[in-house]
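Worksheet for the structure shown next.
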Amino acid sequence: MNLGRTVAVRLLVFAASLLVASAAIFLVINALPGDIATAILGFGADPASVAQLRLRLGLDRPLVVRYLSWVGGMIHGDLGRSYLTNEPVSALVAPRVAVTAWLVVISMLLSSLVALPLGMLAAVKRRTWQGAVASAASQVGLSIPAFYAGILLVVVFAVGLHWLPANGYTDLVVAGTWRPAQFLQHLVLPVASLVIVQASVLARYVRSAFVEVLNEDYFRTARAVGWTRWRALWRHGVRNAAISVVTVIGLQLATLLVGAIVVEQVFRIPGLGTALLSAVSNRDLIVVQGIVMVLVFAVLVINLLTDLSYLLIDPRLRGGRAR
Amino acid sequence: MRRAGLWTGVFLVALVILAALVSLVWTPYNPLQVQPSQTLRPAGWPHLLGTDGFGIDILSRLLVGARTTVYVGVVAVSLAALGGVPLGILAGMLGGWVSQVVLRVTDILYAFPALLLAILLAAAVGASTTTAMVAIGIASIPAFARVARAATLIVMTQDYILAARASGTSRWTTSVRHVLPNIAAVLGVQASVSFGIAILAEAALSYLGLATPHPHPPWGRMLHDAQTYIFSAPVQALWPGLAIALSVLGLNLLGDGLRDHLDPRLREAA
Amino acid sequence: MNRSGGDGTTPLLQVTDLRIEFGRSRREVVHGISFSLEPGERLGLIGESGSGKTVTALAVMGLLAENASVTGSIRLAGRELVGLGDKDLAPLRGALMSMVFQEPMTALDPTMPVGRQVAEVLLLHQHLPRGAARGRVVDVLGEVGLEDPERVADAYPHALSGGQRQRVVVAMALINRPDLVICDEPTTALDVTVQARVLKLLDAELDAVGASCLFISHDLAVVSQLCERVLVMLDGAIVEQGSVAQVFTAPTHPYTRGLVATARLDAVAPGERLPTVEDYYARQDRT
Amino acid sequence: MSLYEVDHVSRRYGRDGTAGSVLAVDDVSLAVEAGQRLGIVGESGSGKSTLVRMMAALDQPTSGVIRLRDDVVSHRRERDLGALRSSVQLVFQDPRSSLDPRMLVGTIVTEPLRSRLLKSSGDVPTDHRTRLAEVLESVDLPLEIADRFPHELSGGQRQRVAIARALAPRPQVLIADEPVSALDVSVRAQVLNLVRDLVSAHGLTLVMVSHDLTVVRHVCDTVIVMRRGRIEERGPSEQLYEDPQSAYTKELLASIPRFRL
């Protein structure tokens, strides 16, 4: 099982998972009871126009054919056309991907930067009051819903102190000019509300990963040969703990994406979440299908990357003998 | 210090359940009765926590809101446990390709957090508390499956499993008499953590209006309504969010407390 | 003969009334023990699990968990260790005193080649240019009996056998020529043929470095091969001490007599009932 | 016709030829007579545990056949192993792992008696209470111990509970896989004496695996020395101990630390 083969297998599994996920999404939207055309036109609509709409949207074709054409289209970026505006879904989705991507990536980086030291502190000093405070803080952060944190931040910083706008979003580049100030101003509160939750979740995993490392024999050996507790942690602890922390970062991304969808509503940010929710209320199911597919695709890509990074960090896997 | 965490957890969870039960028989005011003349009154007397935009007593709405929280949490977690645990035990005991299939399926399911699943269901069959519960339940199956599988794998390495087989105990009896009791504590930890996640998901769904048509609006919906008066009466937006956070905190502390009583070997599976 | 410069009268290690308690419940595990170790001398510490022998060793190295409280005195080469912080103890560990642990399979960092882990110990205590360390490491790996030390240096721990890993740990413990080497059941986890070879290696290397040794084991025969003097520990206290010859041929304390009887199976005719510790020493709690 | 026959048995882990594949047992043949006390000695990786687990049908050989009283037991479905399960019982190495921590000692010891497979095939005692009392008494344990959990007992007591469980269904063959190596030195002799007394009292056939030649010498009448999956030497234990033939056995004996006074 050399490295090449392991990577090939992981890619195969990724492709298969993507296919299964797309089938699941398609089936939930199209196979469940309730006819899409009548739903769009409203239940009172006369059967003739309903039938005519079904024809236009191609809903009369068998399920499998429609699924295959959807997947076929997706492979070269065509997510189909909106039932309402007939606008290509990918055109509608593309600009919003960047918005949500900014929110998620910055939040992920910040929560990792906050969680690593917090988690390490909580682990190394677990028997002292600092350790207790650190783990209590992450415990509380874990329990607050992201949108509630958002609202609280708005009440304090926007309504109360007027430091930051309560909602809205400005692109980094608007008509060619760079607008970093406004761009960041609008992102501070949304990112903060996501980071409070994500950093706490991550800190708990970092803490347990480091507590596990602290109890390992090789950590005791490191101290026995002359490293102090903190130096031993940096030289031997971080790489070993990274193995379990990396998987968590992958898993957390799915929840972070979801958090972003909700936070977008609190701050009225025109991201994928907003587009998805309006598509749901307009019952523009092809758009719903497309956006959910994009989100799931993002998560599966990240899981693939975390799996592969596993190989880089843990030599035991590289040696061919998978753990 | 650990003990304190466990008991705070138990206290908070008991408080939420008590609120749900009390609201079945009594609430300070009628939680459905709109009083246009009494809108946005501050906390104090007679409305302990004040009134919301519709003039309804906030405390009463919180009490009945607890009902949905407990109801959705219990149903979703039971659905997830019923779906995930047998799968996890099967994967842990049979190993080989069964184990790999279960792992792959849970990986894919992990890409569908509760909210995404609920959005899909809402789009397909319309939003309701039932679709929310089903979505949260299905989305929590992988967590139970993974924990049950990890704990079962550890139990399967113990010699008492081999000893059972050597004394003629069938595989089915072994799973019920030996595996389940030994992983029960780990599942207990997962249940409380999943309950907390379910509450957060339900709150998000009702905040987004994807789970409301329940007679009494859940806490998430209250938070959504409160947001429209954020500038005029910001304080009343605190209470529903606080109720959500405290119940989730209670469940997480309960989970942590239980995890510390676990047999050290099983602790890393939790 | 060795660098500690002791004039033969002051002991290298002097432990006086050492008392160790754990956690808030103040559970006392070692009840005021005293012993000393001359430079170059080898002292055996025997007892069963729970007797406090490993805890005593970890106390000398200052590697006990934070919730342990240590009272009494531990003087190494004239310096008091009890009460020293991690920062002051760290420079002594791996240079003045070092330790070999029981379980070789988990003693090394799985994500780092073994050569680098040995080099670390060298560079931590001696200022050597990076290049020179590699040569020194390969030499030491050769000295501890590893064939093809170049390949072993580049290998990750999971690619080595238990015996090979324990030799790497011995190399790490001896590379800075410490005055005191503490061995906690160093060969218990090894097969009997590998154990014999590693014990021979330890014996030779301890002489070469001129280090004194605190050797912990439950196996009296192993202790008799490596040590001159021996302490017998039972439930956190020293019940007997003396020269190996005297303690193993004419033990005074009933518990020691029981241990010696069970250890000398060769003195029992085959098929006959085996002697047990109970025949000599009735333990109250655990039968 | 011997009680147990192991006929050219091999066991390979991992597919042949691939990197990780290991030949744990390599073409081993042996026979065990009724009432014999066979010791199997070898270092880790010698295949001794794998061999006895295959004899107890807890693992399947890659090739070769194992028969108990002329009835093939290798590659049989669990349902057809009633005869083997009722007449062959095991004692494992570490009592902390071989007793279910969530079960009372009484339930643990009587578990074999509740097995449908054993009830349908052997003359398994039906009155569990009296049988429980009998076997606990035969391993010098008080009856009250039946209502306690394993973690409340000492290492020695737990291993005696494991032995009681093995005796409960009145087996003919007792397989002990390193029965004392996880115990404290002071308790080892006690358990070894117990095993020896029980085997002779009930006329059992014993197959004992150990890495310690001196332990085997005192309990077993014949010895097999194994190395890397193959039998290096076999013979009466006294003769093998006094006058070993193979170089490996000699090295094993020489490696046993002797007192140097």
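Points worth noting:
Should a chain be cited, it is by its letter among A, B, C and D, assigned in written order, with residues numbered from 1 in that chain.
The criterion applied here is as follows: a contact is a pair of C-beta atoms (placed from the backbone, for glycine too) under 8 Å apart; a residue touches a chain by one contact, two chains touch by 3 or more.
Bear in mind that the values here come from a model prediction, so they are computed numbers and not experimental data.
Considering the contact criterion stated above, the chains in touch with subunit B and with subunit C alike are A, D. Traced through touching neighbours, the fewest hops from subunit A to subunit C number 1. Counting contacting C-beta pairs between every two chains, the top pair is A-B. Averaging C-alpha coordinates per chain places the centre of subunit A 21 Å away from that of subunit B. Centre to centre, using the average C-alpha position, subunit C and subunit D are separated by 34 Å.
If you average the CA atoms of subunit B and of subunit D, the two centres end up 48 Å from each other.
Per-chain Cα centroids separate subunit A from subunit D by 54 Å.
Every residue of subunit C that touches subunit D in the complex is listed here, in rising order: 48-49, 162, 191-196, 199, 218-222, 224-225, 244-245, 248-249, 258-259, 262-266, 268, 270-278, 283, 285-287. The touching residues of subunit A, counted against subunit C in their complex, run 127, 216-218, 220-229, 231, 235-236, 239-240, 243, 313-316, 319, 321.
Contacts from subunit D toward subunit C in the complex involve residues 43-44, 154-157, 184-190, 192-193, 196, 211-212, 214-215, 217-218, 237-238, 241, 251-252, 254-261. Those residues of subunit D lying in contact with subunit B across their complex are 53, 56, 58, 78, 81-82, 85-86, 88-90, 92-94, 97-103, 108, 111-112, 114-118, 162, 165, 169.
By the touch criterion stated above, subunit C contacts subunit A in their complex at residues 61, 63, 66-67, 86-87, 90-95, 98-99, 101, 103, 106-112, 120-121, 124-125, 156, 158-159, 169, 172-173.
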